[in-house]
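Please read the structure below before turning to the comments.
Letters A, B, C, D, E, F, G and H mark the chains in the order given here, with residues in each chain numbered from 1 onward.
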């Protein structure tokens, strides 16, 4: 099918090559549940149509397969993101701050941070500053003031988003993580916490959706 | 036990050999949770009684075992369906359209499509046309009008069924898939979406139940 | 806004006057959560554009208010449906059978039956034939064979849909009702039963959604 | 600790050697989550105190270990039950009928049946008679009348318990199984069905609790 | 419709007049969700066919209406049960013991007790003996030994059923009540407790289903 | 307590008079669950400290009481918001678009829109453009392009947020509403839909939280 | 029944008059779901046996009825507690601090505080210091250090308990409240937050269970 | 970063070296979801700052790696706890009693007991005394009286906490375990039981959170 329609038809996929023009960034490929051949073909189609490539939930083995087919493809192991982009010269001036409550939240926080970087944002990381030792976040009050938008990744009870939001005047994007056990119900506890925050100025994305948090924050940071 | 009763008693199973006459199609065998010996014996009993054989949730290893015992048994790997039928000469004239929102929904969509084909329907597939790039489904508006019944397989938020239903005047059979993570709760999110559609003309089957969607659509297409 | 766009813009509502042409039946008005002035204005707009009027979840008081404004508006108290249609001369020849498991399911069953009648279908009702006394449904085996599509409304454990489906070769549209208490969780029990039926040939609509069941069955009965 | 207290104290366990006298049958050992050494020591303590031994959820490997230590220990692979009893001469005259809806429910049904046999009951099995082909259970109406108590094991929508109960005048013990997928939610669907039955005369045990169903039915059959 | 079919067809209801012969007791009428005219007509049909009448979930106002139409109809306010029976001369010799954990569980316990009495059982009540003061139930150990079957009604955490079961050798029918607040989730907590009892010999009915518990216990007590 | 601490201590409340300086807007008062005296005292304290007043979930009766005490207090009945602000001269140039899927979602959409206006944003409303008639939102594609941030309020299946997000390059703030019945579970269905959107660029607030959506969008629009 | 058994048998209740000796405080009466006659009789029985009286969930009307029968009975309207005690001379020296996150949490916080006072504890209240304005709780750091045990009542996201716990070295008893809406699910969100706290030193009681929190804290404060 | 701030910044972690002074015990390291390098670095940082080390959810392999780096590190296999402490000379005089309902609850009970010992408490264990054989706990009534605080670990229906609480006048810390299957929903059943206890004097921690129970009890035992 011709690309006049705004997509390329591979049968198993209709690659959206109108995405960058319409939405400002190319279609990202969510790799979970797709065969590696499917991923490769979609990625190649994007490259052929001069779109950036961003692959989320990409495991190491699949990346190793892909990099043989796609020269220049890069990979961030912690974030499980593969990418091939003409990195823009940081057209977006605002700073995005990515905060995590604990060390175990790092994969999700990094998925957000790498997504932001791939999309051309200035990013700073502030990790392991959860409410169990509140002096840690308080110590960085100055840094909080410098951000244009803040992402907070937290699991277990997810209380950090409310606390941060109460200290700043910029939007806080909350991403619950599935860290925890028992009544955390794989991230449900943190999700509900973030949705019910008594502090306005928070919006929430899906559990473990670091990509979505980064993408959304990048739109805010335009 | 004699077949006068409408079933053959194998002890561990009472094979329903009255099914085709009563319901128009033979008893399908749901293979999950059955031993391969059980599956083989039930299938052989069906063959002995001149019933078609349709095996769902059949993994490759079990198929490899079965095909040694049952000459002519065919297999579709993506749909995980085994079958042995006297394919009817497409007595059903209506076209059934099987739509998927994403590439990761293909196993479920294919389970529906293969079931439809085994049951003698004309089938067309339209894959990866989810709402994130709505121009893809709009591009195929003409094809939508030609179907007598439409199946929509979608995971994550499952919004595609509502959109399709709003464009057509035929029944839409919605099948939620377990694609997604976090608050998709293994397909619950898509299931609720489909049940709550603001667009009338949709009925829903169980999560990942491509077979059920195909079977139901085949009854509609009589 | 002109109707060229396919809708009339009332500010609080964009009435879809393209619906009948596009989908075969006019936009139905779901009255719950709307003010009576809103309902009246939408209904009048439909009439002005020569569309049929079908009002669901319409309580008696609101109907009494509306009928003063809209001459000829009819009302079915049990189904809570108001309507004003040029009843077609039963263009659809197939019979739709509406079955209820118990007497307490009647409001939902009637919502389905009246919707079907307003949409021009031949309808028969078979009420209170639940599985606690299975001889009742067995007594009507002949009637079951005559239907082109069957609706089953059931609350509590909702087992009737599976039983009926196992006896026929036509599609069964299952509508769970909120009848019951305790672990019925306001219809959840019956909903899950219907979604998990071991008998293929069933598709399900939302809890208490008699309108949706009737609308869907009417599409099947074309 | 002396057994005057009614138990033997092994530190990690207090073996209830008063159980047979107090409750009519010895303490059964639920093996899941216990080390094989723990299981062995508890079983030996029971034997030393002349109690019967009944081991549930016992996997084959653990049984192989145990039988070296405990001569005469028997095992039923499908039911995953180990036992060492002085089988009583069927003092309980009543017949207990164990029914399963499908072939995949057999492990649970067998856990119930073997428990009943170990506890000295006369047992008959009637398997794969689910509601998708209701003629199968109807064919055995005579057998249903002969039972003093009936167990029904069913997964998916679990409708069989209601149907059976409506045909008989004896208690029906319903045991939901985790057979199914998607919205069966690992047996929740069948559990809710059984709890909400419109047919009185049913009581329910935990999902997959064939042992509990058998134990309870044995008490009824005294 | 003639009664040869085993039921009387009132259109809105098919009264099961074969129930007593088939199941040992007439069809009970669950009044919630039925109009009082419907209730009256069903009850009169039962009387005409010489069946006993048992009306559950019957509120006082509806009873006041009914007693004008049905001479001799009796009512138990706490249990919300109406009945008109030829009380049998206690053919069932066994004693049924109805236990409640707290005073607030009385309506459910009484629904069970009255159902048992109407069905001809000898009943004793033992109320407010919950685990918070375990000496109360221990004080009645002798009474526990005399019962042939025991019903335990409990809300909140519902722990009493396990405790009682551990003391006796007869079946315990557990009925969770909706007493409680917060994380009792309207009886869910007590329901789960009873289903997961570590003490075998318990089977459970629906939340607040005193009628079902009584009916089941009556079958056990035959 | 002196205001040096950044709050005024009323005993039952510690009014945060540092909020405007710290976060850019005064503390909003969530009125549900507070007595009218409490609300009045908090509001007066804010006024005394020259903070704006924004009262959410304020019913008409309480407003009538308050306006006697607080001259100049304004009220929006549909949004249930009371306010007393020195309206800024629209310092924020960006346009915020508030979209609703249906007419029944208006109270939530209006809560968002009025919050935005009180906080000094330019707002446009686009109501009743749900996916059941997708031509309605497509007709306004031009308007979508003009917004700097978009709010989408939708109940039932909540699919509109995904569709809108797929058409634009700005952040979409999704607010699920409790419109619907049955398996909408009071807004849960729409909430899950929005969290699981296949279209990136969406963040979600609590069910019916129009205030939170408006507040967040206002921060984005700085 | 004589009180030798440790209880008085009123038929509908077995009043535990051994409670004070066994547990240190008399049986409290949970009034919800009990008739006022039942409450009166239980209270009088306690008085007769020289036990303190503590009535929870006592509405004003029932109190007005009771105070006519029981001279000296006192009432706290906000806490909905009635009581008649010989107030001990504050034998417990430790200070218990009762903290609430918001003003709407006061009824639960007061139920805890009054329970503590009736049980002879020194109590201080610190209300409306939620995380949205963290300077409020920080301002009272000195007070936090003086408590021997702390109760934190919070609804919505319930984050305050974690924050407080992280600042102190004494046990924190967390009581979630049902304040909130939407995805707070009537207190579930706050409950999960408190159970999943990343800060050790917290234990949780049921939603809205101010009495339980107070009672537990009083035991800790011995 | 200097330790003046009260923490050491390792980038991926901000180690809270102010914890012992502020809270009485050093920061415990929750090992699940952390790499072994991360764990090692955090532990070494604590040692460098003269804090005790307590590692929870530490599997054997990771311990084997760590003990090569950290001389003197000890390990309890059943409790999955690693620790390196200057054991205090039992400054806390009170006895803490750790009770388990069954043998399968031992890992959780031991996590509590070892935590208590590491924190300097006198501990006694009383295992396998669940309600199925209530004479076992009754036999130890004397021991119950000697404790200053009691921990009860129980899975399945979790009824033991209520029973124990009813016998004593000290605080009971309840820890639900995930032992069980089916409707235990991985510990949810026991959790709800403990939260809804009819016996006051219980507070609850997260499912399987033996560490949290031990830590909390240690604070009570000061």
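One rule holds for everything that comes next: a contact is a pair of C-beta atoms (placed from the backbone, for glycine too) under 8 Å apart; a residue touches a chain by one contact, two chains touch by 3 or more.
Values in this document were obtained by computation on a predicted structure and should not be read as measured data.
Between the contact lists of chain F and chain H, the overlap consists of A, G.
The minimum number of touch steps linking chain B to chain D comes to 1.
Comparing the contact residues of chain C and chain E by number shows a mostly separate set, under half of all numbers used being common to the two copies. The angle needed to superpose chain F on chain G by their Cα atoms is 90 degrees, rounded to the nearest 5.
Among the other chains, the CA centroid farthest from that of chain B is the one of G.
Chain geometry summary: the mean Cα position of chain B and that of chain C are 26 Å apart.
Between chain C and chain D the centroid-to-centroid distance comes to 44 Å (mean Cα coordinates, whole Å). Mean C-alpha positions place chain A and chain H at a centre distance of 35 Å. For chain G, the set of residues touching two or more other chains reads 132-133, 166-167, 182-184, 188, 191, 195-196, 200, 206-207. Chain pairs that touch one another are A-B, A-F, A-G, A-H, B-C, B-D, B-F, C-D, C-E, C-F, D-E, D-H, E-G, E-H, F-G, G-H. Those residues of chain B whose C-beta lies close enough to touch chain D in the complex are 5-7, 11-14, 16, 18-19, 27, 30, 32-34, 38, 42, 176, 178, 186-188, 191, 206-209.
On chain B, the positions that touch chain C within their shared complex are 22-24, 28, 166-171, 173, 191, 195-196, 200-207, 211-213, 215-216, 219-220, 222.
Partner chain H is touched in their complex by these residues of chain E: 101-102, 130-134, 156-159, 162-163, 165-167, 180, 182-185, 188-190, 192-199.
Residue ranges on chain D touching chain B, taken from their complex, read 103-104, 106, 127-129, 132-133, 135-136, 139, 179, 181-184.
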